[in-house]
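Heads up, the next two complexes both have chain A, just with different partners, chain B and then chain C.
Let's look at the complex of A and B:
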């Protein structure tokens, strides 16, 4: 951590977004995490994505559980709504908040302990329900706050800092999310912002359950030889299937892509995702193929990254529940209580 | 780009913008930190070593450091470096015991012509080495133009006395009231070397109609200021016109306001913006109710029966030719005559060497200036050196001091039998400031305060007494606030690629977006790919290679706050904050070999 506050001065030539904000305006308090923590780069990527999308900070709710990762919402979007909930309960709190006010942008920030252990069930159900949110797991494979025990996402056969081998099987949250019906699934790496920032931006614009697993090396306890979540290991084994450009305006796509090399996905809100294929055979619209691809490559020790699956026609929980467009928390007694004559009518229809 | 060679002494010197811009290369951030610690005497001695006249310069310097100050690129105004220098002088304890000891004479004699800043700087450097220095000046006391031309309300005599005495106290022989009127005669006295620091003592004339007829009320600025300074002139007419737009004009008009001038105007040929006077001196004049009229060229002095009644001006406007050069052309408006009782002419200064016989072995150029080597300050006569305004025409005190150091080094080398063109490299010391995981030996928290104003004496009182100093100087509290604004640019960010794991922590934390990890390229290309715009190409890019991913680390030095957050957030110590101190080579610095590599 750092003792001084980050100086308020910023580069005099910083560009501003449509709202007149620089990326510095999307910062929060200064991070208290260990120096070099991958989570801080994810924080920076969230800041960058929100800046690029010209999001009004007061339209965002950032919700987290417990752990190093769950501390990070304090470090970005200082002017947004925040809820630091109980360990593993972020998905439930987020679901409730989303039910009450569907107008906000929901950022669920969690870690591998928070989502793959204590909150595994919560994670599953929020994905299963298709809550409109961006669920980010800052995945370092260890319990950093308790000095580096293996977490449930640590790969079998990887070594702890002390040299102990992990004998348990790993939970691959991406595979689970795909299986549970998440309509936007991606994996990325905290050390590759050029990949991560557009993924976060696309996920925010996606209507439905977006899930991003970000591998984020723990500098203090999981960045050694033998770890599969270290900077060196991920850099060496990173198998990116595609690169993403998020195009938010309605203008024609002006970037020059080689024919056949790009897949354009148009989302509900008009956002277009231009996927520059790195793996020519990879189809980001095929859930089953994605699951197979992941398993195959994981068996070879590769870390598959990129936008792995997106359903452009996704629906969310509110569509399933057929709730009104108006956020429930703004409905007045007048709308909620239609009066005794309406009740009479309903009762009569049931007789 | 090639990786930056940070071992070259100039690389980090340039990052300390203020020090690089200072002709004497005073270690500014170092003395500002000492002021913040309340160590005024130490701050004074650092200045004294480097610029010889901290108290005088702290009031009168032209401050080339301030426009260069990084703070001016980060927010609106630079650190008040100059006035902090005065703080060191104002609040120091007795420093007499810290001055060099009078040393045993080495038998060599140096004559110094003129008792101004250049000669005194030479004497200051040479006397402690055992040279017998004799300073000649036409005025009874030492100080030269600092005493004769700068008004007392800007620079009190006590300050000049103190700082000239420190130098004369080194066993220097001062011959006041002794004008040297023949170099030949001086040379005949067999000095081992002669230094000419006689300044630019002649005010430029303004030969327009009426000059002779109305001569009684037309005064040459610097001569008039000297007469005021020595008490020969005590009043001036009610309506005064000052012609000229330099700092001398500002001193003239403000002096006139104190000697009975109620309606004082400054009238300049150029536009207000292009005036040579420092912006703060213009402000001070305007504050004393002196209007500055521009684009008016004086064409005639009006007079009746030998008495000046006014000055006629032609109105002009600025036009720029294809090469961007400015020409003043008639604006087409009728001439204007402004009535006045006295005129002060401050349209420039010239050198004058009527006392140097042209057969002394000193070559003069077509402008009647001596040929002087810009590095060694030697003339074509190997025993005669020039410095200050006498060398290259009118500049400022700080330039005279810088010339003095260099000339003293030349004289010392010559009299030691060395080649004077070989200039020893400065000594550079770079050391880590790390005290703990997040602790540094300097205060790295950045103050957001705006520049503090220097308190001024009440105008009514100030205008009544020509000797009452207008600026009162910072008090301790204001000085501390202002000192905290310094960005400590001498605490350098040092990057070590082998230690870097490319975690981006430094990139993410940097408040100014200075740091980028990217593919290498040519400088022009790299500058377009940085995390933040890079408009100042005179500011270096610090490039380091040898990273695992094959990328390079590029740091734009332009607006770095030197807050050290990159180093605090670095998990592997690839970044470190190291203090860079450069000790300029003065006469008598330790011997250094040519092969020595810096840092």
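Let's look at the complex of A and C:
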């Protein structure tokens, strides 16, 4: 429970990152979610990714909507400002925050109810605008806080805990994000941290709209036989196209990759993404091919995971708006107010 | 001809142009209004338009008023009937002895006219068609030709109109000369064929002074530029869209970095009003000054977020350009009908600050001030305009700015402050009794000052809590903050009657010019009223004392349910009997005639001495 104080002491030998921070500096309050919840693994992966990237924790703004997933920003990056906003409206709040200060890192955390139902519109439009953010959907196909109703990402034919069959078609947020022009699109599984951590790290370093759909089984309401979002089902049907190494230094890549097995993508900030191919034909720079690949594999009941698409030359909303480099929230009257002489001219033009 | 003596009036009459939407008449009509202004005679023009782009009827009314009465007057002295669809209604609306100006190219049956008006026919189509071959030119220049004829009929100085045309088409010589040519075509025809001038005349005066002629929406947008707004998120809705459009054009001229050319502002057209207010809240949370412009239906959509901003104490500015509701209502007609909806917007116990500007000059001032208030009070501020102020040109005092003025960013704790020894930061901790806590911007300090913002109950240190006492403590502090606001918002303005009186009148916003004029009409009937113009909610204590000082007080407003009166009764515990509602809500702007008649009749009844008292 959040009101239980988390002990601050830790092992003196705890490793430190480039900034001298330990893992503990990236943690938040104790989770109030159910024991074994997939979301807690995602929280741990976010902590790990931020630690590895040596991000200053307070330079992250974490924003969420409403729901189990949206509670999690309280459980990581305790020195960051967090905003648990309104159901389905994380994207607009994040967009506004980003407009105000382009220099912070924006982490949007949402769920399948939050993003695929009530907030489907806001999800779509924030992606369309190319907001520089990492948008993570913790996707369990079910409403947890209200005890087990289907969400819009629940597959047709999937069974609820009470045995009811879902007859509606599912929304695949990854497919939609690709279509809407997200410049970084990935899917992962909360049970596969080794895949998820580098994806989150790469998404944070990507300048543009990054979207990660993380299948995150609901231990309380959607982890039974007949569910397509259970741990067992996702493990059996997980079809990873690649494994990602994020290389943040500018040093030459020293790891020995077998020829033709790696696709290296260099991003704007110099980060290189080394994609170790599992599916030899998969090209993570081809949006159209990615969409086709997804559809084909979904039809076979497979859950395609990995870095599915990245545009290394992505632009973000501030580029489109041509805003000043200085964050807008730091501008003062002398920079913003045209003053009385300009006003006199305006008055004169209105006579 | 007329069996009624023709109306004869210099610098005091109403001309109404009846046009077809999309015919290009708007610019010619505005030129007419501006030309009269340049004669030194105040005008008050109003657009009366349908929710339509092309084809439906539209009217432009110009009240010529040397006395400077800027409210709508009611009645039409001269109708320029350019729209066959509305002919009968238009002809019917002319005052007896008034004038009808029409296109006489095709003969009209006499049954289509009235015996008590003066008919002026100009063969506009014939003149136009014999001069122009291009259909679009024919349509556009026809408007300038009738303007030319009006010029002759009202004895306006053609040089003034030419000067305005040359200012409008500066650098576009071809357009300039062809417009001037069309103007003279109309004027010359009228001078040669009609008795000029008619009874209505414009004579040069010196009654405009240094006043400016501006739309309220543009003024509010300029106020946002001066007030330091950097983020504007909006969704198109009549009659507010021109706020965001004006903000865009003001920013293009005034807010680009001179060296890099980059924008010191961000404007995003949201996918809906929910996204717009979400962006405003996100930007304000992150320390930028942000606003949205909308109308009633937009406010309805925003209400969940407005509750969040109240409870989580996030600043923001909503400019509500009111129109007639409910639902889609009359989207192009004016009302003051969102008072209650905005004052108590959202679920749970909420109260918000409302500002009521009377004209563009005040819209500019209040818009700029609203950002200071929003950040000082860490709450949403509603700038309550309406269509009448927002979308019409209004003569008002010039805009002023004091260059020494600094923005009041409110209680924001910086990294240096957080590092001060003994400094205690609690996001919802009231350190000095005004109900306003300190906040920090995200990214301020590596280890201090961060907090988790939520719409859920929390303690003074922003820690989640569902304890009843903790919740109540916070709600009481929010009330305290609202009381603090009372002395920060613009105060009511009071003007006493020439003679001591037992009666008062309260009014606000766009009712002001009609009310000022009505006072004169009422005095002529022997009724004297002290008046108070309310400029903000929460109400200053002087509102209650004003009411206490009078036997009863009229509350004049432009809605059906007496919303301001309800708010006064509710918030100040006033006996409703003391407040007499005077309500105008047909979508047209309130007039002095209406107010004077409603209040005058009520006052007259008071003077009737009962013949006998009812036996109990």
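Convention: the second predicted complex is superposed on the first by the 326 of 351 C-alpha atoms of A that agree within 3 Å, B and C clash if a C-alpha of one lies under 4 Å from a C-alpha of the other, contacts with A are read in each partner's own complex, and residues count from 1 in each chain.
One rule holds for everything that comes next: a contact is a pair of C-beta atoms (placed from the backbone, for glycine too) under 8 Å apart; a residue touches a chain by one contact, two chains touch by 3 or more.
Since the model is a prediction, treat every value here as computed from it, not as a measurement.
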{"item": "Which partner, chain B or chain C, touches more chain A residues", "value": "C"}
{"item": "Touched partner set for A:99, first chain B, second chain C, both or neither", "value": "second"}
{"item": "Chain B versus chain C as contact partner of A:331, first or second or both or neither", "value": "second"}
{"item": "Touched partner set for A:298, first chain B, second chain C, both or neither", "value": "neither"}
{"item": "Partner chain(s) touched by A:262 [first = chain B, second = chain C, both, neither]", "value": "neither"}
{"item": "Touched partner set for A:289, first chain B, second chain C, both or neither", "value": "neither"}
{"item": "Chain A residues contacted in one complex by chain B, in the other by chain C", "value": "2-3"}
{"item": "Residue ranges of chain A touching chain C (in the complex, touch as defined)", "value": "2-3, 56-59, 61, 63, 73-74, 78-86, 89, 91-101, 103-104, 121-122, 124-125, 129, 317-318, 321-325, 328-333, 335-340, 342-343, 346-347, 350-351"}
{"item": "Of all residues in chain C, those that touch chain A in their complex", "value": "37, 208, 210-214, 222, 225-226, 228, 230-231, 233, 254-255, 257, 260-268, 270-272, 274-288, 290, 304-305, 308, 398-403, 405-407, 440-447, 450-456, 463-465"}
{"item": "Residue ranges of chain A touching chain B (in the complex, touch as defined)", "value": "1-15, 24, 30-31, 34-38, 40-41, 43-44, 190-191, 193, 217, 219, 223, 231-232, 235"}
{"item": "Chain A contact footprint on chain B (complex, rising order)", "value": "73-75, 438-439, 444-446, 448, 501-505, 507-509, 511-514, 532-533, 535, 548-549, 559, 561, 563, 565, 568-572"}
